[in-house]
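Presented sequentially are two complexes of chain A, the first with chain B as partner and the second with chain C.
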Partner chain A sequence: LRRCLSSVDVHRIEQSFWDIRRALQTKDTFKNITILSSLKNLDSIKPVDVCCVTRHLLTFYRDRVFKDHQETSHEVKRKISKIANLFLQMQRTLEQCVHSQCGCSQEATNATRIVQDNYNQLEVSSAALKSLGELDIFLAWIGKNHRETSAA
Partner chain B sequence: MKNVLHWNPPKGQHGAEVTYTVQYFIYGQKEWLSVSGCRSISRTYCDLSAETSDYEHQYYAKVQATWETKCSEWAETGRFYPFLETQVGPPEVVLKTGEKSISIVLTAPEKWKINPKDDPVSMQQIYSNLKYNVSVYNTKSRMWSQYITNSTLEFTWLEPSIQYCIHVESFVPGPPRLPLPSQKRCFSTLKDRMSALK
Partner chain C sequence: GVALLPAPQNLTVLSTNMKHLLMWSPVAQPRETVSYSVEYQGEYESLYTSHLWIPSSRCSPTDSLECDVTDDITATVPYNFRVRAMLGSQTSAWSTLEPPFNRNSTVLIPPRMVVTEYGLHLVIKLEDLGPLFEFLVFYWRKEPDATEHFKVVKSGDSPLHLGTMEPGATYCVKAQARVNAIGRHSAFSQTRCVKMQGESLPLA
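And now, the complex of A and B:
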């Protein structure tokens, strides 16, 4: 898989997220539940499945998390919409880059289903808040995996 | 990845003997866990490096003060993510002199080890995009120049008979981390033989 996602996009998302990370994570009171599990579970994703899982998780954030999240703070809302726009940009970049080389193995499908199942366990607004608070896990995973899979 | 929790004593105890107890929580798991070395302690810090050594998990910690027959509320940290928040120490810096150049050879620091006998793990293995910010100071012109590298730098443009000083910081592109600069190292370039022959 050629390296598709530009580290510039990832760093811009990281910066926006880092500004609101404490605010989001402090409101998440369910310490014993995780949506994305730890980087460790995502780490079991094989290089060949990285593209598929990335695509599914970007879609998950676009179609569920950003839509379900209710935010009262204007500052946080502004940062989240900036992150959402950068996600859309990343998705387009990924689509153009991989064309058809983005197959999904059973393991990749299972991994993203676990994320959806975890999300469905919680009440929607809590699930969306928790998923936003876990963007650091997703971004760390993207940073690790979209750097190491630069060789086709 | 040496992670030490620090806190301030509670206000208004007026000389009463205060002790503290610390617990930690692994995000996504079930319950708070006690820290064997930090139960009823009188110091105001607790080393949680062993408890948080799996840097890909996320953690919380909390501390409670006890004095006389009373105890405080638990004071809790935010979610701590070692992988993204650890401060990477400075690299090992070795200076090598060439005929007309000086090379600065940089080696990544090692990860903190639970057991000193464990095999060393380089921070380069954990952060493959680890880079170094090299600052070079010309003591004559009093000018700083900066370079980014991921291992070795060779300087061929140095002026003769001048003392240069350098210090180096490790950095990982991504979320902001507090840098830990290396100690300053200074060296002097040789006299220019040509001018000496005139």
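And now, the complex of A and C:
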């Protein structure tokens, strides 16, 4: 998979996330539950599945997390807007970059289904808040996997 | 408040070198100071949470007729902006920018540069345009069939030592600004030529 995602975009998303991470994670009352848990044990994911998992998780954030989250702080709203619009831009870059080479193995499909299932276990606003607070897991995974795949 | 005030008109964005300035015409109210409020939504909000408008980080409110929205625009996607007037408890209707603004339409101006020789060292200093910019610097010895050299200068890496040159020779430099985030670059700057100190070496 050629290098598709710009490390500059990922870095800028990380910057916006770190500015609001404390505010998000402080409000998360379900400390012992994780939604992106499956990503932690995906270290062995095959390069061929990286695109599928990336695309599914970008869609997950686009269609559920950013929509479901209700934010009162204008400053946090701005940061989330930055992240959401950079995700939108990344998704387009990914689509143009991979064309049709973005198949999903069963393993990749299971991994993203676990994330959805975890999300559905919680009440919507709690699930959205937790998923936002776990963005660092997803960003670290993107940074690691897209950098490696460029050398593959 | 009841919308008695007329809405601001002629919204436009002036964007140069990735600095984006939203401007509008004044709402005239004799002997009164009208203030304005600016809100925006990126493409994400307009597609998926269209009810959500975000107060601009700098101009909610403002007495000015313009608003620097550079910090609000952080992705290369279309952004909607709207402005309304406020006077006491009165507020106008919203005026919305048409068409939406995308930063890939910004005007990129050739960079200002200073080329200096320190003895035999050729040094270039480029203006700091911010973290989104890098510069393509081309330089060559002023002689027939000269070889053109090329360096990419990242934001913040200026001044840059281009190289140790031949005494008495003249070297020329030109540069252009590039923004990878929008996949575009500026025209070239004017070419600057500098004569190095010392005597030209006699031909062997």
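As a convention for this text, the second predicted complex is superposed on the first by the 147 of 152 C-alpha atoms of A that agree within 3 Å, B and C clash if a C-alpha of one lies under 4 Å from a C-alpha of the other, contacts with A are read in each partner's own complex, and residues count from 1 in each chain.
By our rule, contacts are C-beta pairs under 8 Å (C-beta built on N, C-alpha and C of every residue); 3 or more make two chains touch, one makes a residue touch a chain.
Quick caveat: nothing in here was measured; it's all calculated off a predicted structure.
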When the two structures are laid over each other on chain A, do chain B and chain C clash or fit?
-> fit
Is it chain B or chain C that touches the larger share of residues in chain A?
-> B
State whether A:Gln89 touches chain B only (first), chain C only (second), both chains, or neither.
-> second
What is the contact status of A:Ser81 with respect to chain B (first) and chain C (second): first, second, both, or neither?
-> second
In the superposed arrangement, which partner chain does A:Arg12 touch: chain B (first), chain C (second), both, or neither?
-> second
Apex chain A: angle to the C-alpha centres of chain B and chain C, given in degrees as a multiple of 10 | 80
Check whether A:Lys67 is in contact with chain B, with chain C, with both or with neither, and answer first, second, both or neither.
-> second
Just the number, please: smallest Cα separation between chain B and chain C in the overlaid arrangement, in Å.
-> 8
What part of chain A is shared between its chain B contacts and its chain C contacts?
-> none
Which of the residues in chain A end up touching chain B in this complex?
-> 7, 10-11, 14-15, 18, 22, 25-26, 31-34, 37-40, 43, 133, 136-137, 139-140, 143-144, 147-148
The answer for chain C against chain A in the complex is residues 41-45, 47-49, 52, 54-55, 57, 72, 74-77, 180-181
Quick one: which bits of chain A touch chain C in the complex? Just the residue numbers, please.
-> 6, 8-9, 12, 16, 62-63, 66-67, 74-75, 77-78, 81-82, 84-89
Spell out the residues on chain B that touch chain A in their complex, using ranges where they run on.
-> 25, 27-31, 54, 56-58, 60, 78-79, 81, 83-84, 128-129, 173-176
